[in-house]
Amino acid sequence: MQKARLEAFSDGVIAVIITIMVLEMKVPHGDDPSALLPLVPVFVSYVLSYVYVGIYWNNHHHMLHATRTINGPILWANLHLLFWLSLVPFVTGWMGENHFAEIPVALYGFVLLMSALSYYLLSRLLIKHEGTDSMLGAAVGGDVKGRISVVLYVAAILLCFVNRWIAIALYYFVAFLWFIPDRRIERMRER
Amino acid sequence: MQKARLEAFSDGVIAVIITIMVLEMKVPHGDDPSALLPLVPVFVSYVLSYVYVGIYWNNHHHMLHATRTINGPILWANLHLLFWLSLVPFVTGWMGENHFAEIPVALYGFVLLMSALSYYLLSRLLIKHEGTDSMLGAAVGGDVKGRISVVLYVAAILLCFVNRWIAIALYYFVAFLWFIPDRRIERMRER
Amino acid sequence: MQKARLEAFSDGVIAVIITIMVLEMKVPHGDDPSALLPLVPVFVSYVLSYVYVGIYWNNHHHMLHATRTINGPILWANLHLLFWLSLVPFVTGWMGENHFAEIPVALYGFVLLMSALSYYLLSRLLIKHEGTDSMLGAAVGGDVKGRISVVLYVAAILLCFVNRWIAIALYYFVAFLWFIPDRRIERMRER
Amino acid sequence: MQKARLEAFSDGVIAVIITIMVLEMKVPHGDDPSALLPLVPVFVSYVLSYVYVGIYWNNHHHMLHATRTINGPILWANLHLLFWLSLVPFVTGWMGENHFAEIPVALYGFVLLMSALSYYLLSRLLIKHEGTDSMLGAAVGGDVKGRISVVLYVAAILLCFVNRWIAIALYYFVAFLWFIPDRRIERMRER
């Protein structure tokens, strides 16, 4: 089974997710700068989520690039990942509108955690399908960065109830970790 | 006539359908967990519809993959299928917002029924175009699963007025039946 | 210059147009059938517009398929067509919400007229680029159906102020005329 | 690394941006022409933004066409450009709804300025990757038009507080400058 349509469909869904998020920034009625003030937390949330969805698109791009064929379970694992990503606009809007209150910040972290776990599941199925001695298997390997992210998300959700800014700092830190796309796969391909 | 653009357009429409459905989950104003409570039925409807649209995308993917060329009537049969799928976000939102009341649940089943019938029509036109002795014809065959689904949707719409939870259980059961993508086509291709 | 990305971008825009139109059908609050009554004209408008956008996609598909290369002015003529099509959701919503009042019906016809003229302009630029003795030039020829449509749209806009149902009947009639995709190009290709 | 998926994803995001902008034109409740009057500035903003997003798509198309391969930083520079473009619907809506008041007009210019700078950054990364003696490097060269645009955007933002119509005239003028797609690249390719 070929991967072209899986890539095209994922591109479509991620393109819509990343774009409709901006619809949560409702156009304010006044025309002075103070009318924009209530939108600042919404904007900050939007930037964070934009970077996260961008990271997923980049890594998805790299991982599928190193893949040759797919199968039925991989189709569903991919839809499962897209499901959690599709909830990002909702939690982004909720977190932004409530000025980073604890519960919305924790729920945001939960959606990031589930996205990370579903990405991990997809990567395992792809490696199982390609073989651990394949280019993909060698490149992804133990996926240390993925495991660290999961630990940090869980920490952020728990620490959120101590101080929510710790959670937000951790979300930004994980985004920073992933900002550089997966050099492992890039490096493998060059060899 | 080549199928590439038909696939690309269908991917685009299905990607938008599956993503704008989440917009029916309006961001609540409060920041405590109880603010999310009224959204629970909307979320449950969203999950069901996400799985259904995912199933259609998967099966569409498989069916078109086994197809070599298309013609004018097939283009329209495909648009007809996409029309019924485009109504899924509306009936999902109505069913969720009214906490699975009878009429919305029945209408939801009606849209699923029409989607199933239009998918069946598309598959017949494709088989007629490819030939019943083609890979596609041999793989889809009598389409027992498709026929069972239609019977179960009709049963669900009728039983909804006895007890709406029977209808919802049937919708989940049909989704479960289809969860595994069409192995028939996959199996044929491997030979 | 290659046409692949022009096709992909047009597919994307048309896929979003055809799908966001359904967002004009706001989910009603009540759960009884009477809650759906005010949506009937919105739904009827949606069906008409869905068929129109589907026709444009089909014909665009056929026309570009018969094209080999494109140039700068063709890119802009295509964006110009997509501009008028992007207004279809707005006029559909206005016509539906006002139960087919005269002015919205006339404006709907105006957007259809401008879409038809911009499609005509695009086809002329394509034929000029490909050559009148090309497959595309021979297939499209004098474009009798396109000219008849323009005359009927103008008639509908004027007759709308006599009786708006005449206009709506004409819109349905033109849609019916175009329902069958452009057999001319299909026929040419078979030779 | 191949550019196909970068193009497909950018097409998807730009297609959604250009189409959801029209959602800012809310369907009015009345059915007489005067109901459309408050929408006139929203429509004028929409046309301007449609042309701008169309220009970016056209130039992006040309620039990527002249590119052979990409790398990680280019993926992020492209996402950075799409980020600023994703804010266009918001500033378009704000400017339109406030009938071209000073602050919204200035913010609109700021988003155009950031889009231009991020496009410039993307073009520099592409040229660095392809080599200055590549087709792309020779074609884009010193990018005089890009530099003039940046100067004019800054001028528009400042002059906006003298007279906002100067700013709007400058926005239209820059759009006019770019209306013709980048002939430099087209011309180079023909050689």
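Labels A, B, C and D are assigned to the chains in the order they are written; within every chain, residues are numbered from 1.
FYI, a residue touches a chain if its C-beta (ideal position, glycine included) is under 8 Å from a C-beta of that chain, and two chains touch if they have at least 3 such contacts.
The model shown is predicted, which means the values in this text are computed figures rather than measured ones.
Undergrad: How big is the rotation relating subunit A to subunit D when the fit is done on Cα atoms? Please round to the nearest 5 degrees.
TA: An angle of 90 degrees brings one copy onto the other.
Undergrad: When subunit C meets its copy subunit D, do both sides use mostly the same residue numbers (more than half shared) or mostly different ones?
TA: Looking at both copies, the contact residues mostly diverge.
Undergrad: If you average the CA atoms of subunit C and of subunit D, how many Å lie between those two points?
TA: 26
Undergrad: From the C-alpha centre of subunit A to that of subunit C, how far is it in Å?
TA: 37
Undergrad: For subunit C, give me the residues that contact two or more of the other chains.
TA: In subunit C, residues 8, 12, 15-16, 20, 23 touch at least two other chains, as defined above.
Undergrad: Taking the touch rule as given, give the residues of subunit A at its contact with subunit B in the complex, in rising order.
TA: 1-2, 5-6, 8-9, 12-13, 15-17, 20, 23-24, 71-72, 75-76, 79, 82-83, 86-87, 89-90, 93-94, 97-98, 101-104, 107
Undergrad: Over in the complex, which subunit B residues touch subunit A? Could you list them?
TA: 7-8, 11-12, 14-16, 18-20, 22-23, 25, 27-33, 36, 47, 50, 54, 57-58, 61, 65, 179-181, 183, 186, 189
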